[in-house]
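First chain A sits with chain B, and in the next complex the same chain sits with chain C.
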Partner chain A sequence: MINIAAAMANLGKRVLLVDADPQCNLTSYLVDSEVVDNWLDESDGPNGTTIWSALKPFSDGMGNLLRIQPTERQEGVFLIPGDIQLSKFETDLTQIWVECFQRKLHGFKGVTAISEIVNNAATDNDIDFVFYDVGPNIGPLNRAILLDCDYFIVPAACDLFSVRALKTLGKSLHDWILDWQVISQLAPDNIYLLPGRPTFLGYILQKFRMYGGNITSEFSAYAARLEKTAYSDISVVLREIDKNLAKATLQNKLGQVKDFSNLVPLSQTQGEPFFNVAGGNATMKNEAKTEFRSIAKNIITLTQKDKGAS
Partner chain B sequence: MADENVEVLMTIVTALKGLNPEVQRRTIQAVVTFLGIQLEPSPKEASNSQIQSPTNELSNRKELTFSKNRDMSPKEFLREKAPQRDIERVACLAYYLTHYRDVPHFKTIDISTLNTEAAQPKFSNTAVAVDNSAKAGFLVPAGKGMKQISAAGEAFIQALPDREAAKASQSTTRIKKRPKKATSRIVKSNSK
Partner chain C sequence: MKKVLGVKLLRKIDALTAYYVANRSLFNRSLINLEGYVKDSPTLNSLIHSTKFRTKEPDHLKDKLIRKAIKAAEQGQEFAITPENLFVVINDLAGYRILHLHTTQFQEIDVELKRIFAEEAWTIIEGPTARTWDDESREYFSSIGTTTLPHPNLYTSVHYVIQPNSKITCELQVRTLMEEVWGEVDHTINYPHKTDSVACKEQIKALARATSTCSRLVDSIFTSYRDYQTTSNLASSKTKKTPPKKR
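Moving on, here comes the complex of A and B:
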């Protein structure tokens, strides 16, 4: 995500990264460990800067959402830091979802809370693209986030678990979208609602090895299964609800990110995208730059095409 | 009706009384949805199937089954990959057999049968087409007269229909070529 965001920023777009995973991997990647610890220590206070800081007054039942200012991590790339306390809010979201069915205002405010925080930050900073980083699960937090997204992209490792995860995601999304359609119809008038129409933009193939310019045969078999599963268990399933939620094609691969070897630890240590790290193999850095630029361009083209069509 | 039911009914009626009819209707719908109650449609509703309430939508929702096969048919697959030559079509069919039918090792007849199922034009000679596909490096022997798709063949098909990407995948694959027979050159010299 960091690499794609940086590539988009290089193409002149302003990107907001939202760390919506209580594990805070994205925040830890981009910010020094001591700074992250300080942010987490202060997130309950009035000067808190994490996503939880904005949610806390609402979650405590003490007031409205706070407006937080994201950190500009590099030119054009902003970050709303994650927080371990987001897991508390995730627990509340189960009840909040039920409250939506009960038409309670608190339910609607709760389920749209993160969306509102992010919308405010995006408007304040003139953002073109918002990327949510979510944990690999199908919990209530990810439900609220995915229903807020216009598009979603799946990072898919070449392994058995990703094949299964695509199936699970497809079914969960199918149910969430239908539930949200019902909730939206029951909603009181003049209330902010999530869009509830996440369109499948594609998947990004990851964690494979190359030999002679091609994916090695062991990984290639999984690449084939992912291509097939992305079509049958996401595209087809979403198209049963609405034909515009996915393309009727096998071509859902947005790009592929091979194992960039020692660029990974270098990038994690320096908090920089692969192609900007100090040190490392220059050829690999160039390959990374080309690949991520191509993915970024794909995303821009597909989202613009969609906007144009609508 | 039991006493407690009457009490609940009175509570609901009292609570709803103050609301306008539209809000009353939506509130009742929300309660029905929340409790998962399936209501019998009134004769008027049953006759007017165009109007769907959220409750009906929920109860009509088709549950998604994991085991249902939603795979692409061979016909759709070939349309999607758009092979341009017979050797590519053979490779596409081999890829489909491997990854969609779990038949990694196959004979010429399997390719021919799948080609018919995919409603493709007949190969003038399937054995020759399969042989040519093998010569192009898309197929390799799998023993006992069987063939299987090669790694290069998989890379090529995965890249299709992007022909440039497919071509690039081929350019990095080393395909063993049979050495051409040396042709003897007879140079006649007129000089005496």
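Moving on, here comes the complex of A and C:
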């Protein structure tokens, strides 16, 4: 995600990354651990800067969301840091969802809270694209986030788990979108609601090896299965609801990111995209730059709107 | 002369009915939400005997639309119901009913209902309107500021039309248990199609009078009971024999 965000920034777009995974991997990836620790220690207070800091007053029943400012990680790339305490809010979201069905105002406020926080930060910083980083699960937090997204992108590794995960994701999204349609139709007039129409933008193939310009045979079988599953278990399922939620084609691969072996640890320690790390193989860095630039361009062309999200 | 509706119009009515069926769960959900508010209110719980709710049977909607189409044709007007306005024009697709014991409880029920609707952001677009043919009953509703309407069939009930949002409407009825008896008998015999039996019509009219008398009697019993409680409390507090019972 940081590679795509950096590539987009290089293309002149302003990107906001939202770490919506209570594990905070994205934040830890981008920011020194001491700084992250400090943020997490202070996130309960009035000067907190994480996503939880913004949510806390609402979660405590003490009032409105706090308006937080994201940090600019590199030119054009902003970050709303994650927080372990986001998992508390995830617990609340289960009840909040029930309240939405009961048409309770507290429910609507709760389910749109993250959306509002992110919209505020995006407006304040003139953001073109918002990317949510989410944990690999189908819990109530990801439900609220995916229903806030205009688009979603699936990072798919060449393994059996990813093939299975696509199926689960497609089914869950289908149910969430339909539930949200009911909730929106019951909602009072003039209340802020999630858009509730996440469009499938495609998947990005990951974690495979190349040999002589081709994906090696052990991974190519999975790559073929992923292509099929992405179509049958996501595109087809979403198109049952609305033809515009996915394309009627097998070609949903936005790009492929091979195993850039030694660039990964360098990138992780430096908090830089693959193609900007100090050291590492120059050919590989160039390859990475070309691939991510192509993915970024694909996303920009496919969305042609102000806000995209993954 | 019997009017016949064209195939095109009948298809339109079928499509409207199908549209309702596809969205029926929204009405059901709204009623469940209403039930939740009512059951959560201690004030209403102390005043109400019971509640019931239902969404309209699709066949009954179809009948109603056909009747409306025939009426429009007779008056030389166009049948103007579309999927966009169906849920607002037909406002009894979701019906919620509150039953209580005696007439004068209505005032407190009304105050509490209005409080709930304000709190939960529901809009009252019509009512409360008391349909009543009895002079004394009309006098009571007028005295508490509730609009009254006569009803040719001797029907008695208070109606509200409420909206969770501008897309959906629900009908809310408040009536006494006595009125419910008459209403249920009348409904069973006369709905969806009115009976032609003169005897039944006559008896239902007579039942309305008996019901009104029973309602009046129940009201009177409660008035007497309140009066008795007040005077006996006054008497016991004067003599200071035993402390008054707390209720």
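Keep this in mind: the second predicted complex is superposed on the first by the 304 of 310 C-alpha atoms of A that agree within 3 Å, B and C clash if a C-alpha of one lies under 4 Å from a C-alpha of the other, contacts with A are read in each partner's own complex, and residues count from 1 in each chain.
Quick note on the criterion: a residue touches a chain if its C-beta (ideal position, glycine included) is under 8 Å from a C-beta of that chain, and two chains touch if they have at least 3 such contacts.
Computed from a predicted structure; not experimentally measured.
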| item | value |
| --- | --- |
| Superposition on chain A - do chain B and chain C clash or fit | clash |
| Which superposed partner A:Val35 touches (first chain B, second chain C, both, neither) | neither |
| Touching partner for A:Leu105 - first (chain B), second (chain C), both, neither | second |
| Which superposed partner A:Gln185 touches (first chain B, second chain C, both, neither) | both |
| Larger contact residue set on chain A - chain B or chain C | B |
| First (chain B), second (chain C), both or neither touched by A:Val264 | neither |
| Superposed model, chain B segment overlapping chain C, candidates 41-49, 59-67 or 167-175 | 41-49 |
| Those residues of chain A which chain B touches in one complex and chain C touches in the other | 101-103, 182, 185-186 |
| Chain B partner contacts - residues on chain A that touch it in the complex | 98, 101-103, 167, 170-171, 174-175, 178, 181-182, 185-186, 212-217, 220-221, 223-225, 227-228, 231-233, 236-237, 240, 249-251 |
| Sites on chain C touched by chain A in the complex | 23, 25-26, 29-30, 32-33, 36, 120-122, 164-168 |
| Of chain B, residues touching chain A in the complex | 26-27, 29-31, 33-34, 54, 57-58, 61-62, 64, 66, 69-72, 77, 80-81, 95, 98-100, 151-152, 154-155, 158, 161, 168-169, 171-174 |
| Touch list for chain A against partner chain C, complex | 101-105, 182, 185-189, 191 |
